[in-house]
Amino acid sequence: ADTELTIESWRTDDLAIWQEKLIPAFEAKNPGIKVKFAPTPPTEYDAALGARFDAGSAGDIITCRPFDKSLEQFKRGNLASLTDLPGMKNFSDVAKAAWTTDDGKDAFCVPMASVIHGFIYNKDAFDKLGIAIPTTEAEFFAALDKIKADGTYIPMAMGTKDLWEAATMGYQNIGPTYWKGEEGRAKLIKGEEKLTDAPWVEPYKVLLKWKDYLGDGFEAQTYPDSQNLFTLGRAAIYPAGSWEIGLFNTQAQFKMGAFPPPVKNAGDACYISDHNDIGAGLNAKSKHPEEAKKFLDWVASPEFADIYANALPGFFSLNSTPVKMQDPLAQEFVSWREKCKPTIRSTYQILSRGTPNLENETWVESANVINGTDTPEAAAKKLQDGLDSWYKPAK
Amino acid sequence: MVFLTPALLVYTAVMILPLIETLRLSLFNVKDGQSVFVGLDNFAVLFGDPRWAASFWNALKNNFIFFFIHMVVQNPIGVALAALLSVPKLRFGAFYRTALFLPTLLSFVIVGFIWKLILSPIWGVSPFLLDLIGLKSLFSPWLGKPGSALIAVSLISVWQYVGIPMMLIYAAMLNIPDEVLEAAECDGVTGWSQFWKIKLPLILPSIGIISILTFVGNFNAFDLVYTVQGALAGPDGATDILGTLLYRTFFGFQLQIGDKSMGATIATVMFLIILSGVCLYLFAIQRRMRRYQF
Amino acid sequence: MAKTTTSPVRTGLVHLALITYTLIALFPVFLTVINSFKDRASIFRDPLGLPTPSVFSLVGYETVLKQGDFTLYFQNSFIVTAVSIFFVLLFGAMAAFALSEYRFRGNTLMGLYLALGIMIPIRLGTVAILQGMVAAGLVNTLTALILVYTAQGLPLAVFILTEFMQTVSDDLKNAGRIDGLSEYSIFFRLVLPLIRPAMATVAVFTMIPIWNDLWFPLILAPSDATKTITLGSQVFIGQFVTNWNAVLAALTLAIVPVLVLYLIFSRQLIRGITAGAVK
Amino acid sequence: MGSLKIENIVKSFGHVDVLKGIDLEVEDGEFVIFVGPSGCGKSTLLRIIAGLEDATAGEILIDGKKVNNTPPAKRGIAMVFQTYALYPHLSVRDNMGLGLKQAGKPADEIKERTKVASSMLSLDDYLERRPSELSGGQRQRVAIGRAIVREPKLFLFDEPLSNLDAALRVNTRLEIARLHRQLKATMIYVTHDQVEAMTLADKIVVLNKGKIEQVGSPMELYNAPQTVFVAGFIGSPQMNLIDAAKLGHTDAKTIGIRPEHIQVSSTSGEWKGSVIHVEHLGADTIIYLQTDFGPLTVRLFGEHQYEVDGILYATPDAGRTYRFDNEGQVIKS
Amino acid sequence: MGSLKIENIVKSFGHVDVLKGIDLEVEDGEFVIFVGPSGCGKSTLLRIIAGLEDATAGEILIDGKKVNNTPPAKRGIAMVFQTYALYPHLSVRDNMGLGLKQAGKPADEIKERTKVASSMLSLDDYLERRPSELSGGQRQRVAIGRAIVREPKLFLFDEPLSNLDAALRVNTRLEIARLHRQLKATMIYVTHDQVEAMTLADKIVVLNKGKIEQVGSPMELYNAPQTVFVAGFIGSPQMNLIDAAKLGHTDAKTIGIRPEHIQVSSTSGEWKGSVIHVEHLGADTIIYLQTDFGPLTVRLFGEHQYEVDGILYATPDAGRTYRFDNEGQVIKS
């Protein structure tokens, strides 16, 4: 009889794509293996998956969160090592970084996609107001001022209610420019820089300035609110992640463009957050490891990358073989990889392993800064104190 | 005792044993990948470590506020509604009952979603409604402000759960024999004073029950805060209650990895808090409360 | 009590108060329902507007109903809820009877033991429960859910029913004893019918968390064949969803069945209002 | 101050007609007693007067004012319920005092009045008990006490003494009579006790199947019953009602003779009968005879010994027989 | 088959002693009536016999077997509660049939027996109603019906007729007497009604303040009361109890004369008194006199007219007076 593989995932939105495109493509090539995509709502995914692992009822293929979450599962023996999977050679070390042990010896998830931060803007609005794409911080705020003065549009669609918007779309979006991407991140991990140092506080100071350009009641504005605000054409600029592209394409009735985070001074090197987001791993206790590996190998193939990246514009393949994408906005985002230095989100690797959790704290403090609850300095201090309480950088 | 057996069996096997299994973890911790017995160390961490302690006390404080708001808003409204519903020969009684109970029937997912929309400054429903009564200036993004978020969330919870005290009290009021109320009518004890002097004393045990249920429910609450304010219970932890703290700790959140031991520790503390409340009720209050047979 | 001799003013005030609160209770639901029938732009532009023909749209419902086998999900939810309620009421009432009727040693302690369950979120026991179910081969069966919900509902049921059983007149039970009724018959024939309002109340209280639960279906029975409606419709309320048409439609659809269930029990409740004991 | 007028009151529960058109006038200060067989509608009528039940049709006027829509509390009444309806959560004292407290009477006065009522009803020892700790008769007394402390203009008593022992009943009856004289309140009183009815009432209302059979003073009803029903109902043991045909009378359908209006002799008399049963009540002796025309009850004063199956002759007192027609109406002679 | 023996039963509620050592023997098939003032412990004693209440001390034997620990259901009894305790959710029919159904009797038989009981109690029209739709008397009859359909060996009746009208009461009384003869069941019966007690009982037990005052046949109690309490309690109106000193007797504390054992004359007699009140009961007339030694009640057979304040002379029947000593015990002459 056919063996059936079950995929655990938090991507409920992708159900249709898996069922209609990806799975048929795989099954056509691999008779005898049936694949089932069984997503869990994202809010419950981690907890549910953890429980299933503990009780031994988790699916064969596990969709991997990046970095420590998956590393933890690997350490617990829930995820199998995939170092020897043939398809892994299709990925660069950077691509694999999110799912490799600290010492780099073991890889345990096949990288599927990364997301890039930047700003999506309402082209119609920019055209109407005669605003050019801002490249520097000054131009950026000049543009915001202009939009605000005009009054037709809310300059920027972002809320602090859900906290993570402020951290992810705000701090992690513009931050790399100030802390110099990977360079700063490495220093932070090594303990050579602290969150209270200027490169890490400055993004907060910039964020604080955003406050004036956000919509009324942004404190209670949720992420979907922000999305709707922008797609309904009421806001001009949207601090974005590339994953929005798919949805925005279907919902926005106007032309959109995108620009990377503006640099501080003209001519500075630009940095983008190009963050590994999704991988696929193997449940170490799967009853069908061979078939599952076959499947994972296929996930590592250019064929998969092609289908996936085009079906989900904004989720960029990490495969070394370049993927040709149809979507102009997606092309725009991915083109920044050429001119700017990519980095991953600063809090994701190593620094969020302890309690208090730096990522979570960053969410809270980013929102606090914009809300005015904390000054940038105070926020940074809180974060650093929290980090210090458990993190001892390896000297 | 035959009457107790089925309940005891199912309950013990499916509920108590798993929970004990979990609470047991509060005495263990993972050291070098091994689970070892650490005695009360976890508790020492929870209360001794300034960060843990700060989160815990913050959650506890918020929880008390949460509970307080329920006690002074939800239960009186519930009792009042029940009293109104039990007005004899009330027309449309069934309709009111269903309508008033509807929020309680809704899943917290729905409740959270709807109220976020209504209170959303973007959607504009509440500013619009306030405008209708000329109070637009009072509007503010309540859910996003540390000062008002907890109250707003509590009130949403009240809105949702007011049906529970209402139904319980209503059922209790139905139990009061008509003739006692008729006697009161003849005695001139009507309306308000009938409620205070006759009905209230007779439903007092039920009020005791709803108070303790509110207490237990509130100190276990989690879902609504979680859906409305997220697992971090923002802004700035202003709506963090024990339930959300426990959830984050036990199951992990985002990059935070679930810490079963500390989670179980918090759960144990919560359990002890609730247990002492319930014991207080069972042994001190309930025993003194008189019950009347009708 | 049969009388209309309350003054019209008083009656009016009663209705006024009730209507006011009814509006508060229903408004959000009303908002959800009307907006679920509108197109996206007007949901936003005019949230309070009724779905006039020009803005009428069923796109949300189309999206939702495409998504899965909702009849099956509904059926699953229904079975799980109904069976669990049955057991909760039966076992709960039996235990409550034992606690309220027989003053044995450790009576209060037993009551306390049975109440422990409402003091710790049962979610915490998930892993052990799941392990047990795996061992018993019950994963992805409705039985697993029924077991968990029965256990979960019992403490509250016992708690409430004990209180209500104490109001059943002793003389009545004694009359039954003298009539030669066994304790079982006294329980089933006398006590149960007399506390029907409380039973219905407990049924409703038990129903809500079961019907709305997302967690245990997710853990214990996530398969397509055993998915509950809450789990099925949860797909729309994920973190990345902005499709308000679909969300509102799903929410509206989720309100209907629970309302129907409630109406069933509340009919029981009305019928349960036999006049109180006699003399 | 407490007159009552009832006009054509009809009451139906669903399709059961319980009261079928009751007209009645009660004057201020009158003591009216309702009697009638169990289930004839006495309590229902009382409840309608109190305002606890709506009449299906008809009008109720208290002091000339229509009160159909006046709530019970505003009718100035006090009621003793057949089922007591005590407040289970209040002590005896508070059960009695609640109405006064509600009316805002000063604490002294409440205490004083409660005291008076409780000693009148021998309840002094029980003031702090709750109803569940009282015996049946004690509960009933509390119910009476609750009504009388309020001194309203109209009292409604529904079988208030049924659970009291003879001595207490006589005392309470006398107290109620005294109260009536003292307060000059109107009282409406339901009872099954003939002695109560005869001794207390200014006016007795005999109800039967939802209709008034006769209204009159006690002795009027005893001496001049209008219908065969009233004749049979008033007086205990019941009046002998004999098929007139069997006695050879053609001018009536039924002949009635009260048991106390028959003399017996072992030697001679109008009717011959054999003794089937003898009841010794101490002060009286009741003899049940079997005669040619059916059973005959005779009541004799004092103690008498008769053998069962012995032969006795009975003679009705002259002028003490009643004749009733086919419709049960009395035939005036 | 239904004998009962009670030995030194004591019952206390908290610190209230309600029964203070009751000894009693009831033979199989006997009809025993408990009388006594309200609150003296009659219901409590009955409930202890039924097993509904635990005795604080003492033993109960049914048919010679100690039953202190036997549950009510196993004692083979039927009981009519003073509070009726009908099942509110069952129709009259089911209220009566439940016990039989429980005993596994065939449906036919249940129907048959219910039928018999309901027609005996005139409840045929109400079989489908719920208790709340019945009048007080109807409810009481249902309670009686529920007990009698079961035909147990021991019946316990707690004031079963208190809410019935005179006619129905007489009938039901006769039915109960018939039932007693027919079933040869033992019956224990609490009542406040003198007539009931006198006519039904084989043996009357007079209780007072938790103790038995006297046990005896009705006429024994009437004619030979052992104590002043019994003398005063049995008979209505109450026996005249006169301070012996005021009459000039020194050999007794109290002199008792029943009202029916006094003759009056307007011209001469032993005692002179003025009429203070006259009650007309139809068959009797009660006259209240004020004499030198206090009030005196006289009961006359038939109707008599006397003016209030008129002077009357009263003469006690010879040999019909009772003398009681300081302890209230009768002095045998």
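Going by the order they are written in, the chains are A, B, C, D and E; count residues from 1 in each one.
What we mean here is this: a contact is a pair of C-beta atoms (placed from the backbone, for glycine too) under 8 Å apart; a residue touches a chain by one contact, two chains touch by 3 or more.
Chain by chain, the UniProt names read as follows: B, C = Raffinose/stachyose/melibiose transport system permease protein; D, E = Multiple sugar transport system ATP-binding protein.
Quick caveat: nothing in here was measured; it's all calculated off a predicted structure.
How short can a path of touching chains from chain B to chain E be, counted in steps?
Minimum step count, chain B to chain E: 2.
Skim through the chains and flag the pair connected by the most C-beta pairs in contact.
Result of the pairwise contact count: B-C comes out on top.
Find the most central chain, measuring centrality by the gap between its CA centroid and the centroid of all protein CA atoms shown.
Answer for the innermost chain: C.
From the C-alpha centres, identify the chain that is farthest from chain E.
Centroid comparison gives A as the farthest chain from chain E.
In whole angstrom, what separates the CA-based centres of chain A and chain B?
Here the centre of chain B sits 36 Å away from the centre of chain A.
Could you work out how far the Cα centre of chain A sits from that of chain D, in whole Å?
91
So, what's the distance in Å between the C-alpha centres of chain D and chain B?
Between these chains, centre-to-centre, one finds 57 Å.
Approximately how many whole Å separate the CA-defined centres of chain D and chain E?
Whole-Å distance between the two chain centres: 20.
Listing for chain A: what residues touch at least two other chains?
43, 228 - these are the residues of chain A that touch more than one other chain.
Please list all residues of chain C that touch 2 or more other chains.
Those would be 1-4, 6, 44, 126-127, 169, 214, 234, 237, 275-279.
Listing for chain D: what residues touch at least two other chains?
51-52, 71-72, 83
For chain A, which residues are in contact with chain B within the complex?
43, 46-47, 50, 67-69, 72, 75, 159-164, 215-222, 225, 228-229, 347-348, 352-353, 355-360, 363-364, 367-368, 371, 373-374, 386, 389
Residues of chain D touching chain E in their complex?
13, 35-39, 42-44, 82-83, 133-138, 141, 158-159, 162-170, 192-195, 198-199, 218-219, 222-223, 232-238, 258-260, 279-284, 286, 299, 301-303
Which residues of chain C touch chain B once you look at their complex with the stated criterion?
My answer: residues 1-4, 6, 10-11, 14-15, 17-18, 21-22, 24-26, 28-29, 31-32, 44, 47-48, 87, 90-92, 94-95, 97-99, 102, 104, 108, 110-122, 124-129, 132, 147-148, 150-152, 154-156, 158-160, 163-164, 166-170, 183, 187, 197-198, 200-201, 204-205, 208, 211-212, 214, 230, 234, 237, 247, 251, 254-255, 258-259, 262-263, 266, 269-270, 273, 275-277.
Which residues of chain B touch chain A once you look at their complex with the stated criterion?
Residue list for chain B touching chain A: 33, 49, 51-52, 116, 119-123, 139-146, 226, 230-232, 234-237, 247-248, 251-259, 262.
In the complex formed with chain C, which residues of chain E make contact?
50, 52, 71-73, 77-79, 81, 83-89, 98-99, 102-103, 130-132, 136, 139, 146, 150
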